[in-house]
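Here the chain labels run A, B, C, D, E and F in written order, and each chain numbers its own residues starting at 1.
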Amino acid sequence: MARDFQPVSGMETPRFAGIATFMRLPHIRPEEADDVDIGIIGVPWDGGTTNRPGPRHGPRQIRDMSAMTRHKHHVYRFSPFETCNVADLGDTPSNPVDVDDGLRRIETFYKDIVGRGIVPLSAGGDHLVSLPILRAVGEKAPVGMIHFDAHTDLYDGYFEGFKFTHGTPFRRAIEEGVLDPKKTIQIGLRGSAYDFTDREYGEKMGVRLMDMEEAVELGMDGVMQEARALVGDDPTYVSFDIDCIDPAFAPGTGTPEVGGFTTREAQALLRGLRGLNIVGADVVEVSPPFDPSGYTALAGATMMFELLCVMSEAVARRKDA
Amino acid sequence: MARDFQPVSGMETPRFAGIATFMRLPHIRPEEADDVDIGIIGVPWDGGTTNRPGPRHGPRQIRDMSAMTRHKHHVYRFSPFETCNVADLGDTPSNPVDVDDGLRRIETFYKDIVGRGIVPLSAGGDHLVSLPILRAVGEKAPVGMIHFDAHTDLYDGYFEGFKFTHGTPFRRAIEEGVLDPKKTIQIGLRGSAYDFTDREYGEKMGVRLMDMEEAVELGMDGVMQEARALVGDDPTYVSFDIDCIDPAFAPGTGTPEVGGFTTREAQALLRGLRGLNIVGADVVEVSPPFDPSGYTALAGATMMFELLCVMSEAVARRKDA
Amino acid sequence: MARDFQPVSGMETPRFAGIATFMRLPHIRPEEADDVDIGIIGVPWDGGTTNRPGPRHGPRQIRDMSAMTRHKHHVYRFSPFETCNVADLGDTPSNPVDVDDGLRRIETFYKDIVGRGIVPLSAGGDHLVSLPILRAVGEKAPVGMIHFDAHTDLYDGYFEGFKFTHGTPFRRAIEEGVLDPKKTIQIGLRGSAYDFTDREYGEKMGVRLMDMEEAVELGMDGVMQEARALVGDDPTYVSFDIDCIDPAFAPGTGTPEVGGFTTREAQALLRGLRGLNIVGADVVEVSPPFDPSGYTALAGATMMFELLCVMSEAVARRKDA
Amino acid sequence: MARDFQPVSGMETPRFAGIATFMRLPHIRPEEADDVDIGIIGVPWDGGTTNRPGPRHGPRQIRDMSAMTRHKHHVYRFSPFETCNVADLGDTPSNPVDVDDGLRRIETFYKDIVGRGIVPLSAGGDHLVSLPILRAVGEKAPVGMIHFDAHTDLYDGYFEGFKFTHGTPFRRAIEEGVLDPKKTIQIGLRGSAYDFTDREYGEKMGVRLMDMEEAVELGMDGVMQEARALVGDDPTYVSFDIDCIDPAFAPGTGTPEVGGFTTREAQALLRGLRGLNIVGADVVEVSPPFDPSGYTALAGATMMFELLCVMSEAVARRKDA
Amino acid sequence: MARDFQPVSGMETPRFAGIATFMRLPHIRPEEADDVDIGIIGVPWDGGTTNRPGPRHGPRQIRDMSAMTRHKHHVYRFSPFETCNVADLGDTPSNPVDVDDGLRRIETFYKDIVGRGIVPLSAGGDHLVSLPILRAVGEKAPVGMIHFDAHTDLYDGYFEGFKFTHGTPFRRAIEEGVLDPKKTIQIGLRGSAYDFTDREYGEKMGVRLMDMEEAVELGMDGVMQEARALVGDDPTYVSFDIDCIDPAFAPGTGTPEVGGFTTREAQALLRGLRGLNIVGADVVEVSPPFDPSGYTALAGATMMFELLCVMSEAVARRKDA
Amino acid sequence: MARDFQPVSGMETPRFAGIATFMRLPHIRPEEADDVDIGIIGVPWDGGTTNRPGPRHGPRQIRDMSAMTRHKHHVYRFSPFETCNVADLGDTPSNPVDVDDGLRRIETFYKDIVGRGIVPLSAGGDHLVSLPILRAVGEKAPVGMIHFDAHTDLYDGYFEGFKFTHGTPFRRAIEEGVLDPKKTIQIGLRGSAYDFTDREYGEKMGVRLMDMEEAVELGMDGVMQEARALVGDDPTYVSFDIDCIDPAFAPGTGTPEVGGFTTREAQALLRGLRGLNIVGADVVEVSPPFDPSGYTALAGATMMFELLCVMSEAVARRKDA
């Protein structure tokens, strides 16, 4: 018998009430989740953070603020919860005192999820968490990626040779063959730089690097037109670093760069994902200690709902195919 | 002998000094206000709030931050305080523990004010306060309304049949015949929805519903051109829910929706009201507990000054007529 | 087969990880809770608040901060989770826009819980929530009460006759015969007063009113010696208004009064409850909007753990008897 | 016909409502205040501040938080508003860009007030405001002073010879003959020091300097016994620097020193003033920018209510005499 | 032997580590700075502030947040630290209790710096600090100025004749002949006004006054095209009041005006300075007490880096010439 | 020629001015520090944190707030800066993404410092930083320790066998033979516990464990009498975890436990160290992201000044010996 995957409605139970799960969805443990299409997962870990810590607290605050989410998208006029079975699968294991072990625990979790045929929508955590997720979703073949961020995260190492930080995940993912650089676009890059070895690596590997300035010039529609053309129908991962958004709109993050996207622009960008073959997505770098108000988490939760809507259509299409 | 209705000047008395009244105006009790043209009124009540409370504290914080307001509008180059007699009429009575009694107290207050020929500019309070105000200004004939908001506030009820909440005032106002739906436009709608019964009701009654996305596409001038055409010269109320503004600019509100107007856009919208036959206006949903910095109240106070300028011209025109 | 009621350990899963339940306990729905001895319950409602609102958000923030709680009490050297089956039973229903309906929903919930033989430990909510709880625990016979508070909450009404506010619950409870005034002591009273009709009523009914000043003079041990003597072995409810604690230690509350207990004193007071026949307890008036840091909720969660320890012994004793 | 000097009651008008005056008292302009016994006055000026500024904003925030004050003192069981005519006399003039002119404006204001026979209870402002107040109350004869503070404020000058700062007012007051050093006691001194020339001056002039450590050792009763003995029945001014209180209880101040009094101790100290011949009092150095929560202002307002009670008795005694 | 003027790299030493200097540059005392081309200087003074104080704390918070700055500009693709010798020259002397002495101390400091051939990039302090800086850079001949601000700062006086406030520096600078009004443009003016005597003076003297509304209409490129045409190759000072930016992006300032530039627009404006003959620049009015989060200081630091880049090219060009 | 080691005086340069060093002391690089007696060192590292991160930011905020420190101790009446040469030696190297490497870098730094005969006074960082410091100061022979903390930090491991966390440093130090457990006392222990294996280990090794409750009962003098007796004249390290203080006084820490010491009690405790043979000290676990106000850092800086005073006497005695 089919389970009920509908979120609690704020018309019946006020939004401040109840145990906080992502979007007020039922919490289902991974081992009981085989009828789940899209699993929303928290990754409470920031072991790769090189400056201001805190994204380990992200999933809890995003859960709290995601109670603001309602059922239907006001532009699309449909509910992703009616399109697919969506559930909160809880948090991955975490180890705040060891990077290697932390990565291993997260990777194991995602390989199980992906193995069950569940499409993951994740809430970080710092950006290093995208690496073990990509190891799972790109295990069989490298995936393409549409990546919204102020930074390339393509550096080779920090602090004299440390290779696993939130500034290096996508270089590792390319090296490991789980991410296809030629199907990868990075949107919103900006801010001063120690050097440009990250960009040089990306350019050499074929990554499309798009500065904030270029994105503004192209306009949000133009940006996504190019992104869609790049990835085509291939399996595509979406990684959304909250710091692509301007710190006025999303202060709770570790490496803020002024001059970013507004949330309105970010919504326009994510709506440009419609029709793509999305195989997973994340929203990372929400750092509650730097925004106790929760508005950064609200922005993150809203972006997760935008992602969920386009993901739910992709899942439905794949089911139909 | 005419009383002096000029605000205290910050060139003489620093803006941090003195008892805080709206825009540093004289405080006059309603019963002594017969020479007042426009009365600024606080409505310290949030009895209709379904999620995060706090607008009951709005009038006090808006008064505090409105000390930043000076005399002349820098675009219009005139002072509304020279055009009309404007005064702070204090706060309405309030009852935080009973919705029916709260509504009754506010309605009584406004019927007295309107009966004295005073045009009310109100600071809420949650959005339910617009209902008793409309009962007063629309008592003789239903008024039109230009409504800036992320939400329609046209729902029928919450929590299994409770009809008076901040999500329902305009449905009630239409039902009660104090608001003319065909002369009503709602600007800036956005955010996910439990269902669309609010919009369906509005559309059925003839309300013009304009999503944020459409507003951005039309541009602020285009939006207001349509609004002005809709209401024409008819008596029009203006209701400004602070959550029409993006939470980056106005975080202190109970139902924030990312992707909203900037304050610069909001100013452009309100300047588009020039020339209309405005019979009252409000700024609602400023919730100080969610913004102790006071910047939301500053945005609210600035919008009130924009409203006051266009209202003062309308009052002067009506006097001349 | 017995279920596992152990909290998640921070030695295995870091305390920032996982969906937030009270003290990291399993969440069990009331209808499946018949093997639960003590149920921790959130009451997200502040419909009786006469000044600064917010306790409706209390349960969620207390859940979050209660992740700091570990298993064993460092003075008692035992774990209440080994003494009894303890679970998070979720939140009661709520109605933020109607006091009567809100009270009814809460009362119904508690009558069901108490009917199942579960001892409730509740997180408010404003102090009016104690009334429907007492209606349940005192249904068969009036209970005694040890009440920690800056205020008596014994007023008759507010705003010209409104009888149900957070300043009136215990007068109502005495009138309704669910609270035994002669077995009631109020500890920590202080702050200026509109009048003393509350105290006069209490004194007339036989309530023991103890001002802060007297409590300090007696010392915490002396206070509790008297409290224990008063209630004896009779069924006793404990109500802990967070504002009995000084606002330096617990700023997130609606009616703060300087000059209160330190948390150290509060712990000493609650340890004085050991050995009593406790039939229920609450911690109320934690108002997150007035303390986004969460420290007030941490104080509340810590007091709930103190209460849980002495309650678990009482439950065990009653089982043994 | 006698005017009504009663504060607005929170039992009728909720405390969040209405224009904020001190303790919700009527606002009366000095020139119409001849029937006022005790005038509460704001001094929005911090021209003498050598480190962190902000007390210029003190009066407004204290007015806001003083809405928490009710009518009767819960220990004394009387209302100062029934003992005397008390009113909010508004703020003094201010000049934030010139120390000499600022001092002159304040002095002029107070000489007028004192000349009308009104006893001033003032809300600063930084501690330099006590100098022009003392010039008024000590004009005819030097007054004694009970001074609660972490600092002596007896330095000679700062920054190579600048004589008017918030670290120098009482040296100036002694030099000018408006303060009697032999009838002056300073309570709660603590914190590291650049040098001890302030203390040496004080000791030379006969001021009683009491360190925090000595105060704790004596106990609050012992401290006030000595203070009372020192000033006897002579006209005595009370100056309460909020930084005598520990920053945990009153963080909003410019020169915090850890290890201070609790608010409970502060209340005990102020109750020790009962029976003295108080001719004026102030609470200074509340700096809202360093405490947007308002709790420092609440502590300040509560101390003002304590002072008002003992002042009202002194005024009544002098009237009777 | 040449000293090393490179900033500490965050790839080696994490950005949270180390004593905070501007942009992690070496701190060099002015008297040892003869090989410095551009000196970054803090001016910890706000003696001219007429409303909300705090910019005296600006330099320290900007130093802290400027640790986020890296070496190379991501659009220009060069490092100003390789173009010129840049150092942190520490703070000017300050006197918070006397305007005249404060101005004198700052002027003396800058005359020494400019006399050594060092180009100053300053972090205020309130806007009055631009006056003593202009006295130094404009000593030999009046300079032109590109001025970003919500306010003209061209008033004559405040509080009945006080001539030195943060609302008057540029009128004084024109009167003193250190600023050439015909080569001066003010960009971003907005907000209500007591009167327009400031604008009338500016217009009379030939200053180009550009309202926010006009700037938006022209677009950022259009604005700077006009600014560049106005100043040509003449020695030009750049003054950047952080309040030209909207308070959503830069709340920590004393006179916020809603409706301002975004940081993205501000960056576009500053990039329009490229090629000009810049002889000094400042970023003023960052007020940490009104933004403990530090994001306003981060915006300020980012603008300083933009300014540094265009200044370093100007210095290099002058050296080559 | 002797260098000047005097802090900048706030009587000359206001405390908000200048680059922030510890206590406004000169910054001297370790390699040039051979005439330094006591080196104040920042350890910007929190690699061992198991819950809420942030102490990596501690040194910078403590430097900022330590500008409040003046020269002389008001009880001792001497200046430690006249007793010894004291300097800010900057921060240790740090590696936020690798615990082993982080520990190694800190240990190397301290072995160099101690090798130069400099006595270290350190500002953490999380409590794991005490381990590499003890490896340096206890290298030749194990030292005794007076340890103020809510927690024993004597656990064996976390998260299935990770041995280096901020909950384990002193177990490692005992195992490594750099800390003498029989000369170790832990004061202020409290809070619930997962288990008591930490205490069992401590007791077995001979550590004196003193709960908060026992400390309160003994009184601060009694506590320190016992501590002094325990360590005698032997070389003793002092470790002060800011969480020994109650979170009302020091909220900015990762593992707060209510019911702690007041700062006044903490000062009394540290004054009880007078006369001991102190060979190093630290203040750890100040976490700025959880207290942007800086008051926790102020408490930490004040405790560092208390420690410095007693350390300077110990250094002078050893020199004399």
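Just so we're on the same page, a residue touches a chain if its C-beta (ideal position, glycine included) is under 8 Å from a C-beta of that chain, and two chains touch if they have at least 3 such contacts.
Please read all numbers here as calculations on a predicted model, not as lab measurements.
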| request: Spell out the chains that contact subunit A while also contacting subunit E. | output: B, F
| For subunit E, the least number of touch steps when starting out from subunit C | 2
| request: Please flag the chain sitting at the greatest distance from subunit D, going by CA centroids. | output: A
| Separation of mean Cα positions, subunit D and subunit A [Å, integer] | 56
| field | Rounded Å distance, subunit B centre to subunit D centre (Cα mean) | value | 40
| Multi-partner residues of subunit C (each touching 2 or more other chains) | 14, 16, 50-52, 56-57, 95-96, 158-159, 246, 248, 262, 290, 293
| query | When you check every pair of chains, which ones turn out to touch? | reply | A-B, A-C, A-E, A-F, B-C, B-D, B-E, C-D, C-F, D-E, D-F, E-F
| request: Provide the residue numbers of subunit C that touch subunit B in the complex, in ascending order. | output: 46-54, 56-57, 95-99, 101, 158-159, 162, 164-165, 289-290
| Quick one: in the complex, what on subunit E touches subunit F? | 13-14, 16-21, 27, 42, 44, 56-57, 59-60, 63-64, 88, 90-91, 93-96, 292-293
| Residue ranges of subunit C touching subunit F (in the complex, touch as defined) | 9-12, 14-16, 68-75, 77, 246, 248-249, 262-264, 267, 293, 295, 298-299, 302, 305
| request: Going by the contact rule at the top, pick out the subunit E residues touching subunit B in the complex. | output: 50-52, 155, 158-160, 189-196, 211-213, 216, 246-248, 251, 255-260, 262, 290
